[in-house]
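Order as written gives the chain letters A, B, C and D; numbering starts at 1 within each chain.
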Amino acid sequence: MNQPKERYHAVRKYTEKLCQPLVIEDYGAQPIPDVSPPKWHLAHSTWFFETFLLKKHLKGYSEFDPHYSYLFNSYYEAVGERVLKPNRGNMTRPTVEQVYQYREYVDQSMKELLSSDLDKTQLAILEIGLQHEQQHQELLIYDIKYILGYNPLFPVYDEGFKEYQPENNIQEFIPLEKGNYKIGYEGDGFAFDNERMHHEVHLMGAQISNRLVTNAEYAEFIESGAYADHQFWHSDARAWLEQTAISAPLYWHKIDGDWYHYTLAGLKKIIENAAVMHVSFYEAYAFAEWKGMRLPTEFEWEVAANQLDWGQRWEFTGSAYLPYPGYKKPPGAIGEYNGKFMVNQMVLRGASVATPENHSRKTYRNFFHPHLQWQFNGIRLAKNL
Amino acid sequence: MNQPKERYHAVRKYTEKLCQPLVIEDYGAQPIPDVSPPKWHLAHSTWFFETFLLKKHLKGYSEFDPHYSYLFNSYYEAVGERVLKPNRGNMTRPTVEQVYQYREYVDQSMKELLSSDLDKTQLAILEIGLQHEQQHQELLIYDIKYILGYNPLFPVYDEGFKEYQPENNIQEFIPLEKGNYKIGYEGDGFAFDNERMHHEVHLMGAQISNRLVTNAEYAEFIESGAYADHQFWHSDARAWLEQTAISAPLYWHKIDGDWYHYTLAGLKKIIENAAVMHVSFYEAYAFAEWKGMRLPTEFEWEVAANQLDWGQRWEFTGSAYLPYPGYKKPPGAIGEYNGKFMVNQMVLRGASVATPENHSRKTYRNFFHPHLQWQFNGIRLAKNL
Amino acid sequence: MNQPKERYHAVRKYTEKLCQPLVIEDYGAQPIPDVSPPKWHLAHSTWFFETFLLKKHLKGYSEFDPHYSYLFNSYYEAVGERVLKPNRGNMTRPTVEQVYQYREYVDQSMKELLSSDLDKTQLAILEIGLQHEQQHQELLIYDIKYILGYNPLFPVYDEGFKEYQPENNIQEFIPLEKGNYKIGYEGDGFAFDNERMHHEVHLMGAQISNRLVTNAEYAEFIESGAYADHQFWHSDARAWLEQTAISAPLYWHKIDGDWYHYTLAGLKKIIENAAVMHVSFYEAYAFAEWKGMRLPTEFEWEVAANQLDWGQRWEFTGSAYLPYPGYKKPPGAIGEYNGKFMVNQMVLRGASVATPENHSRKTYRNFFHPHLQWQFNGIRLAKNL
Amino acid sequence: MNQPKERYHAVRKYTEKLCQPLVIEDYGAQPIPDVSPPKWHLAHSTWFFETFLLKKHLKGYSEFDPHYSYLFNSYYEAVGERVLKPNRGNMTRPTVEQVYQYREYVDQSMKELLSSDLDKTQLAILEIGLQHEQQHQELLIYDIKYILGYNPLFPVYDEGFKEYQPENNIQEFIPLEKGNYKIGYEGDGFAFDNERMHHEVHLMGAQISNRLVTNAEYAEFIESGAYADHQFWHSDARAWLEQTAISAPLYWHKIDGDWYHYTLAGLKKIIENAAVMHVSFYEAYAFAEWKGMRLPTEFEWEVAANQLDWGQRWEFTGSAYLPYPGYKKPPGAIGEYNGKFMVNQMVLRGASVATPENHSRKTYRNFFHPHLQWQFNGIRLAKNL
């Protein structure tokens, strides 16, 4: 059985499935620099396979269109000039149809390549390409939500999309003993370079909440006036609040005294005991301060993970995104994948309702700048022993 | 014969004809705040008829969609909240198809309204609406050119679109005698409020070039180093040059030592003796300074107009956009049309290859901020007697 | 009698007299880019005489310090690199004492030069230098007021400085007949290049108020909610209001329900029937719109000037700052004086309580960008016949 | 013996000694938001004693001037409104003399307070106040250097100030064994809250350079074109380089092919084998990447400290500034001291030639945003075992 071929097919089709509810117009918008147009995700994930596999390893492969390398390269600066991120939304050509033709063309060629025997390096690049596309599947959902949720008509993406499951359980704190622990991925499966380098850390011990902070708890934080109370916020957070006038999670709207939020199923009243989402690290930190607690570190989280019910929200940690001891970024363009982001960002652990199946593990390290709200993230509290 | 009905039909269909070469994706882009998406032009010109005629004067008219008033209102602040100009490009809904349905719906209702006898006020608003749509037809071409010309693929809009006719004639200067002259529109036809108030001005006399400045002359200005020579530029122009690093007209590219420019027929070598286009007022002024001449005033231009061969380019004048003596802006939303722009802008006279037929006259006053380049404008020189 | 020598001495000493109430610390601040530090005014006006007279015409003159040419050149770009305007406030050296030594050094050399017979060109440059210094005397007062008025301690500059004289007279409108009038300076005295070119204009006739708008009238405009009512404002003005959150003249503070303003004599309650000051052109225009009137043009103002009681405030006109017919800027650095500002600015006529004696005449054209408030300006209304 | 009294006197006098070479004009400048005017440092460190000791604990104490609380409060938001940081440079009043009077007045009152028996809490606050003033002594030198070094006259602060001692020794790498180590301050002396919470960390082992990177090595990095080579830089660093056009350490100037730099002793040729200074974290990281090495973590640094010759430069570490396990910020205004900065900043260890005597220890944690260059910092390399 040709497993890579099937896996390739499955991943690629899932990206397109995510776009089915879209109209042509939705594919091109980029309302803020952090959001990429869906069309760009479709093409960029394809460009990866064309650039790192087909052009190098498929005999006689002829590039679909040499302009695409310039248009759909993201951050791989070793590979050539790129369209600056804030301008992606202005590229009306190639059309959506042409981008789907590009996908089809590359998929056909990949089918051919995958019919041959790939060596270990090629298989490794294939796997990175698929994992990369899965990461873009998650971003695609964030970006689609922003494009639709920013529109005053609040269009529905999918009535059946469940962003929110009520948290039923009573809050308990799971104890974590003082001691040395092993951290990072160990095994033969796929893992990104940033989670490898299995290593030891010493932890002082902690207690970690068994459930996430709910909408009702967060609404209480808002109503208490905490957004205006300097004592809960970082100095940089205060500057961000002043500049943006933010005073609630992204997508929250107060209508006639009640909190509503835009979801992929449309504008809805918030569910009180569902886990809060679309807060920034600054807000997560301030909420924890307000509660007299703190966020867990990424190491505490990883050690406790087997005892936690996680996977609905990416969860903020109190850890800055830094290389693990011994981390060495791979040479060449693939090496740009993770290392260059290891400053000014915070680690999130877990996964979210937007994460593709089989694309999560307890060692996975996600990371974002501390002011960003458009991810599907939540808050878990911790405290000292 | 029902003339208004036919005229309405003709103007409305022409807007749609201009959009025929577009793909769906082109309708939504707004690469810079000054450019509006074609979809927005289609809807906004329709909104005008719905708001000022159908909702007020067609019995039983039911609004197509109440959200559109918010989405497609431009500057008519008396009528309600509006989508901020820089965000027009992010509204992926309503779709292009829905906007065409909106046009169809309004056109059907207008047909009904135009079958009845309209009174003088209603006919006047109809005419403003049609003139308004014709103005947007011109802007539509500017904006389409920017959207396509900004794309690294340089897509062709229409191979047959002629932006450039060579200037064949020898340069001569037409003399204009010192004396009092009548300025402004006088007659029974349509004219905007800003060109009415027929009045007298005294001119000191001048000489005005019979032809426009050519690409070859402008290239010589560039090659002479004039962009870096402070003596030719206004103080505000110098700040603009420093900030934008502009050093040639918009759409000009130097490729292997030759000047090319993007046109609606694609990327082409410049035609040396065709009239230069896409320079700002700052550049037009600096060019005139470099030549030891000046731009004509709008009054000189109007007096000389019958002796000039004009209509290919909007022509910069040295006149600031100000009200004519006795100007009084009309009450209500219609009054916002012109008066509110009468500061910080310069007057252009003439018309361009993008101007719809029958939408030009020698008293017409166009106006733009002095740094803008994306209009189809040119340079005509003048000097003192 | 050596008149130029005495006149030179008098003008130079007056600049220093204006600085007498300052402490050393006040000489160096530049709270906003439009404000220059007093130290800079002292040095820059001195630099003018050194550069255009001493270095060229005084045999054996040795430059005080070659760095000063770079530090205290303002906009004379023909003469050499300059310190960018927003950085003037950060130059703590040379010290105030050194700048006074520079003045003393140049004054001694000028005394020597003025003891010889100057030719006509030299006398003309001398006169421009003195007029230039007088212009800086006026700016010096604006800038001192801003530096002190911006300080939360509201320090007093001079308890005896009278910015405000009540307007006693009943408002009347002085009629101005339709017809041709002569405009601009004619005579043998000094006048700037921008007011020369005596020429004819045709006016349609107008009525001009005999007095300026008062603080009480302006307060009524504020209280009526006019700052939030779009109909009175230019489109550019609205953007400025949104960006700055301005809602009153500069230096006005509402304290316990009463309007106070900072004056050079300290923080005072506004005098109701004194002429309003420190409004921008945008505000002057909006006030006139609110009154159903307009601002006079600079030509109407000049023709009516002999019938007006002017000199307390610079008065906004509805005229954009443009060259008079036949205007030709002088060659070289002196030519940068006026021409390069002839775009995006509005003309003010008259003079103010900050204008040095003998530095006003009815043909004088002052000019500022339409958003600036820190000048000593006021509002005079006009209406059509 | 009254030790606190003497220590108070010594610290306070040293601040004033640092200002002796300044002229009045130097005290007020704030060329960039990160730099505070020397006058502000003098007053702010005084305000600390007045606010947290005199007003609370000295019977009958009468505030020097109630405005000062507003003017010289920095980030202690719990205590009241503050002058926004970028505006400190525009406050010309109070004068320098008044600020010295303020110091004298507070010092007299402190003398009185220190003559009585202070309780443990009061003594703790006294010590924080003195440590705080010592931190400002260091910042004062950074800021003075920026104010003078930014001036085109390059004024000398102190001819005898030695910023640069040649690094004589051969580079060797000190090995650090894998294992658990104790980190943080333990003892009875003074330490800031951010370095307390003595705790255990596990290290994987490393090798740390015995000397700092030299000017010659850094010049080689520049000449190799590394500033333009994306592979060495963080993604955020690239944006910073593009925006600022920085391509060398702060204060470096290339003159006729040689590198000079501004020092407190004036403009000098760089000393090749002296330790490089005034690079940002971004640059330190990129330099290490270019060398194929890395920066030490703050834990590695602390463990190795006894074997290192440190104290000349603050040394960048690869550690983000985060709370130690169990960190709890103190309640009230004093609690704002450190915790609110624990995001987006990197830790520096060691001390510098600008650090006051007795104000350094191996557990001290300094921290700055990664783009800042104006500190007296350097680069020490590390590599894995």
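Just so it is clear, a contact is a pair of C-beta atoms (placed from the backbone, for glycine too) under 8 Å apart; a residue touches a chain by one contact, two chains touch by 3 or more.
As the structure is a computational prediction, the values presented were derived from the model and not from experiment.
**Student:** Along the shortest chain of touching chains, how many steps lie between subunit A and subunit C?
**Tutor:** Step count on the best path from subunit A to subunit C: 2.
**Student:** Going by the average position of its CA atoms, which chain sits the greatest distance from subunit D?
**Tutor:** Measuring from the centre of subunit D, the most distant chain centre belongs to B.
**Student:** In whole angstrom, what separates the CA-based centres of subunit A and subunit B?
**Tutor:** Distance between chain centres, rounded to whole Å: 45 Å.
**Student:** What is the distance in Å between the mean C-alpha positions of subunit B and subunit C?
**Tutor:** Centres of subunit B and subunit C (C-alpha means) sit 36 Å apart.
**Student:** In whole angstrom, what separates the CA-based centres of subunit B and subunit D?
**Tutor:** 57
**Student:** Would you pick out the residues of subunit B that each touch at least 2 other chains?
**Tutor:** Subunit B, residues with two or more chain partners: not present.
**Student:** Would you please name all pairs of chains that touch?
**Tutor:** All touching pairs, sorted by chain label, are A-B, A-D, B-C, C-D.
**Student:** Mind pulling up the subunit D residues that touch subunit A in the complex?
**Tutor:** Touching subunit A: residues 75, 77-78, 180, 199-204, 230-231, 233-237, 281-282, 285, 318-320, 322-323, 325-326, 335-336, 340-344, 346, 370, 384 of subunit D.
**Student:** Residue numbers of subunit C touching subunit D in their complex, please.
**Tutor:** Residues of subunit C touching subunit D: 23-31, 39, 67, 70-71, 83, 87, 89-96, 147-148, 150-153, 155.
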